[in-house]
Structures are given as C-alpha cells and as structure tokens.
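Both complexes shown next keep chain A, but they swap its partner, so chain B is in the first and chain C is in the second.
Take a look at the complex of A and B:
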C-alpha cells in the first residue's frame, strides 16, 4: 500500500465533505479584525506582503488541520462501524445453524445495539471525543464476544 | 520412563454407568490435575498428601472414565456419549469428591456441573456452561468461567478472573488483581485487591474496595455503587457507562483531580467540593472538573446519559 499523498487526501476530503467548511467564530473575528485593522501605522514596506502571505498560509494550515482531524475522526468512527458490522455479520452467518448456550442472547445483543446507537448519537456532537470512540469500540467488541461466547465452538460437540 | 510406568499403572478398569468410583493414586509434585466431568456435582479439596483421590458415583450415562498421566498433567475424564441425542437429559450426573495435592494446579471443565473447590495454593482454571461455581481459600492464577451459572468466591488471592454471561458473581475478601467480565449478572465484591477491572452490559455492580491503585469499570446499562476506603499514591480510576448510573463513595480526605463528562443528558452530582457542573453552550453535554487536597489521584468518568454521583463515605 502506497503512502497517501496529503494534497490528494485533502482534495478528496474537501470534495467528499457534505458540510461547508468554515473557520470557527473566534477565528472569523480574528480575521475580520486583522482585515479591518487600519494600515495607518503601516509604512510602505516590502515586509507586509510576506507577513500577509505567512498569515494566509497559517490560516489555511489551521483550516486544513481542522478539516483533516475532523475528517479523520469521522473516518475512524465510520471505518470502525464498517469493520465491526462485517465481523458481526460473518459470525452470525457462521453460527446460524448452531444452537446457542443461552436463550436470551439476542435480547442482550439488541441492548448492545441500542448502546451503539446512543454512543453514535453522542459522537455526532463530539466526533473527536476519544472516550466516546473507545466506548463505541468496546460495545462493538462486546457484541462479537457475546456471539462467540454463546456459540462457543468448544461446547458444540455436546 | 517413570511417567510411562506410572501411566501404565493408572490404566483404569472400565466402569459401568452409575458405578461407584474409588481411586487413589500417587502423583508427581506440582503436576496439573485436569478433570472433565460433563454433568453432576464435583467437589475438589486440596490436601497435603502427594496423592489424588477420587470417590463417588459416575454419571448414569457415563461410558467409563480415563485416569492417566500426560506430559505435564494428570487427566481424569468421565467418558460421555458423543451423540447429544443419546439421552443426555435422562439420569443423574456424577457425584464426585476429589482430593488433590494443594500445590498442584486444578483445571476443570464441564457442562451441567456444579463445582465446589477449596484449599488450593497453585491456582485453578474452571470452565463450565450451566453450573454454579463455589470457591474458597485458593491462591495463584485463578480463572473462573461459566455461561449461566453463578460464582461465589471467598478468600481468593492472586490474579483472579471471573467471566459469566447470565450468572451472578459474588466475590468476598479477595486480594491481588481482579477481573470481571459479565453480560447480565450482578457483580458484588468486597475486596482488598489494588487492581480491579470490570466490564459488563446490564448487571448491577456493588463494590466495596479497601485500597485501590487502579480501577477500571466499563458498563453499558449497569448501575454501579462503588465504595473506596483508601486510594494509593497516584491512583488511577476510570469509569465509563452508556446509560448506567454510578454512585461513588470516596474517603473524606481524598486527594484527587476529577474529570467528569456526561455527553448526552447525563447528570452529575458533586458532594466532594463546591465546584459546579458546567453545561455546554451548545449540545446536551455537561462536565465537571476539579481538584481536592492536592489532586494526587486521577479520576476520570465518562457517561452518555447516566447519572454520576460523587459522595463522601
């Protein structure tokens, strides 16, 4: 697998983003202030175009970082969901003809799926929250563990 | 060669179903004892003799038993018909009383079998499906796994792991490291273990912990009541729940910094300090961060919609 190219990744992220990317409110104020700041104290100097360029690059870098991190966190959550959904489906198909050791495991699985939905809902407000991402992974793992446990192959010779 | 001679001398006579058994053999020191009995009741006790004694009655459906020395362990297996349509639900299971060297490790597995084990100093590994497990006075690496049965344990010391799906776990006076993994069963522990971890889905949690260095609780819907008598230097506590409530009771002189976060309509109640909960300007989350008495321990609590209460003991 080749190393992902940052520019390509950024371009794809922008193209794939459904929401409009905008700086935070505080950032806008800073930008507005900087723009509206009268240039009376400025002397004609060749330094200012360079500084403006650096500032513009800094703002662009900040926006890029924000975009990349947001995109990364959302991708983490989505990739995790896709991965576990596939794993779960594989296990359910694998065990579909095997008797379970408990008669209430599907109810427990439903409760774990309810928990999964609650965590995903919270992630919509805090997509980068590591505690929530960890909880989501944990709930996914608990689903897989439960399915495996109640269909434990070691007891299937009984 | 010795092992071979020993194995030959141990070749059992075939027993008929329901037949009495009364075997007593010498066993090399520190060999693991493996017992496989699918149905019934098994009681295992450690003693100071270098001998394994098995007495009682075999399962009505048993097709004999095997008692022999493998490389690193001594195996006692009650042979059962492989076909599950053989009438497994008919007849009685085994009723066995087993004495083994207390310095040997016990490994036991079964399906519908209740297990009582006591007085062992080199750990145990017990794995059943529907049986209850009762343990007392056992040291070492201890692993207990049941699907539908309950676990009742007293005075265990060492690296202790409990695992169940529907069963309840009641742990008393344990020491060392504790691990609980459960789905539905309630979990109760009164322990001196300094390192405690728990993961469950629905069962309630009732912990009375004497001295804690590290505590991890991860629950989905379980209601937790956690009482901690003392925190060691730089103690580390993490609690996570989806909708489960938690009530923590800390010592009066606790030195810790707290980070509590309720991500979606959870509630935070603080009786440890005058610090107030901050509601997020946007969204349903709220948080509370504060430090008391120098902030030595690190306590982090996350919930989606649970109620978190911090109280003094």
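Take a look at the complex of A and C:
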C-alpha cells in the first residue's frame, strides 16, 4: 500500500495530534516538594549561587563578544578554556563542603573532561572549525551544569 | 433520602477541582496534575525535543501553575489556558538553558537525532519528524501548525519578526516533506 502524499499526511497528523505522552519519571514528587516549601526559603538559600551564575554569564557574554569580534578562532578556544577552568574551579571550591546527590558525578565529570581533551586535540588541526568550537563550549557548559546540578538540585528527584 | 451512587462516587469535575486548588487543596491539585500531565509533557517534548528538558519544564509548568491558577477566571477552557502557560514556560526554559556561547553567537541547536526520535515512545509519525527539526523551525512549526497560534502571535512569543516566523515555518515544512518522502 502506498503512503499518502505529504500534505495529506500532514493534515491527518495535525488533526489527530492530541497526543498524550507519559513522562518516564514520576514528576509529581518534585512538584509536591516545590509547592509545599515556601519559595522564599528556597530563594534565600540559593541566592548566592544564582548571583554567582549571573555574574559569570555577564562576564562570559562580554568576554565572548570581545573574542568573537576581535580575535582569531585559536585565541577563542584558548581564552574559552582559561575562562571555564576558572569558573569550574570556583564552583568546585564553592561546593566542596556540600554533599553531592550522586556518587558517580566525578566519574561523569571525568568523561566530560575526556571529551574536552578529544575536542581540543581536534582543534589543533582545525582551529577555525566552528562545529568544534561549539562542541567545546557545550562540553564546558555540561561540566558546569553537572557540578551545579548534583550540588544544587531543583525539583526533580534523582 | 437516597443517594445516587454514580453521583456520590464520581470523580469531581475539572471545574470543582480547580475551585478546590484555588483554595490551596494539594490533593485536588494532584488530581488535576494526573488529568493534564501527559498533554503538558507532550507539548514540552515537542517544543524542546529533549526528554530531560521536557521533564524539567513540565515540573516548572505545574509549580508555576500552582501559583498562577488564581488568575484563571474561566473565560477560556482550562486546557487552552494551560497550553498557553505551557508554551510560554517552555520557551523561557529554552532561553534560560542556552549556554553563553549560543546566546552570543546565535548558534542554533539542532533537533533530536533520527534514532532517538524514532525510539521516543507514544509519538505519532509526524511528531517523530518534528523532533528532528532545528530549534527555531521546530518551535514555529509546533506553535503555528499544531497549537494553532497565528504567525503574529508566534513572532511575539519567540521574539522574532513575523516574516521570520513565516520563513521558519516554510523551512520546517520543506524539511519534514523531504524526510517523509525519503522514509
């Protein structure tokens, strides 16, 4: 049997698009916890990491404008590495006395660091490759997200 | 006086649940959550094309809804209002979670890879293709074609020009057509 033409497929799919998908995790527990706790308490306790994050993003934005418009791609990756090394160190120091929610986060961090090394190696051959630069930035961001997430969880129960 | 068993044991209507939630009843809110979570999650997944982000955004929707529900006056259907709240929260979720380089250099996130989209359970054929679309084309397509917003509304929601919304929609359709015909 031949399949319908694209427009028919599109129209039929959109008409029947009342899709309901169940999330794989139980999300209610996290929601219940969030609505039961006074928001102000949560805000107070997480004020400093947020302020630090905002400050880091602002500096990062200024730095990246400078880098993107005034520097070569090779300098971009070097400056990006320096900047993130500093951010990472700050976060690790900030959370050093705080228990992490998972046991294997350092292993996950090592895997991301391995990925970082592989991308940097590839950048040595193609320093202006935008896809590689993007991947490097993503890996750095994932490292910061991981450190933040295991130490300062939102609502989701892990 | 006889009590109609059907009436006595029937689950409360949506309107009754909303009224209870407005008075701070968390058990009623749990029931309202159960009624709507699958639709909210489906919309978040379509917009964000990432299971983990869709789960986070779904939680964010229901946490914000708890605080916003007092402003629901019943002028539209609750599900329509909830879809609008969900769309706005998913869009701001995406903005918040862009990394700094994406914000500065406007890198566009690609969609889900073909295999992951195919493996997503509960999605119809079109949804599996939609998840593969690049970010802007996907958001415009979901909001305009599936959720029924006009291009003017989509443009306001996404902070783009009306012309861009139209061209992203055209781009989305072209990609979907190509993928569908090559399947």
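Quick note on the criterion: the second predicted complex is superposed on the first by the 81 of 158 C-alpha atoms of A that agree within 3 Å, B and C clash if a C-alpha of one lies under 4 Å from a C-alpha of the other, contacts with A are read in each partner's own complex, and residues count from 1 in each chain.
The rule is short, and it goes like this: a residue touches a chain if its C-beta (ideal position, glycine included) is under 8 Å from a C-beta of that chain, and two chains touch if they have at least 3 such contacts.
Note that the structure is a prediction, hence the values are computed from the model and not measured.
Peer 1: Check the residue A:129 against both partner chains and state whether it touches chain B (first), chain C (second), both, or neither.
Peer 2: So A:129 only meets chain B here.
Peer 1: In this superposed model, does chain C or chain B come into contact with more residues of chain A?
Peer 2: C
Peer 1: Touching A:137, do we find chain B (first), chain C (second), both, or neither?
Peer 2: Second partner only.
Peer 1: A:147 in the overlay: touching chain B, chain C, both, or neither? Say first, second, both or neither.
Peer 2: neither
Peer 1: Do chain B and chain C land on any of the same chain A residues, and which?
Peer 2: Shared contact residues on chain A (touching chain B in one complex, chain C in the other): 134, 138, 155.
Peer 1: Which residues of chain B touch chain A in the complex?
Peer 2: For this pair, the touching residues of chain B are 38, 82, 84, 88, 111, 129, 147-148, 165-166, 183-184, 199, 201-202, 218, 220-221, 240, 242-243, 261, 263-264, 283-285, 300, 302, 304-305.
Peer 1: Write out the stretch or stretches of chain A touching chain B in their complex.
Peer 2: Residues 101-102, 104-105, 108, 111-112, 115, 118-119, 121-122, 125-126, 129, 131-132, 134-135, 138-139, 142, 146, 149-150, 152, 155, 157-158 of chain A touch chain B in their complex.
Peer 1: Can you tell me which positions in chain C touch chain A when the two form their complex?
Peer 2: Checking each residue of chain C against chain A gives 26, 29-30, 33, 37-39, 41-42, 45, 51, 54-56, 58-60, 62-63, 66, 99-105, 107, 120-127, 145-146, 173, 176-177, 180-181, 183.
Peer 1: Considering the complex alone, what residue numbers of chain A touch chain C?
Peer 2: So the residues of chain A in touch with chain C come to 3, 6, 9-10, 13-14, 16-25, 27-28, 30-32, 34-36, 57, 60-61, 64-65, 68, 80, 133-134, 137-138, 141, 154-156.
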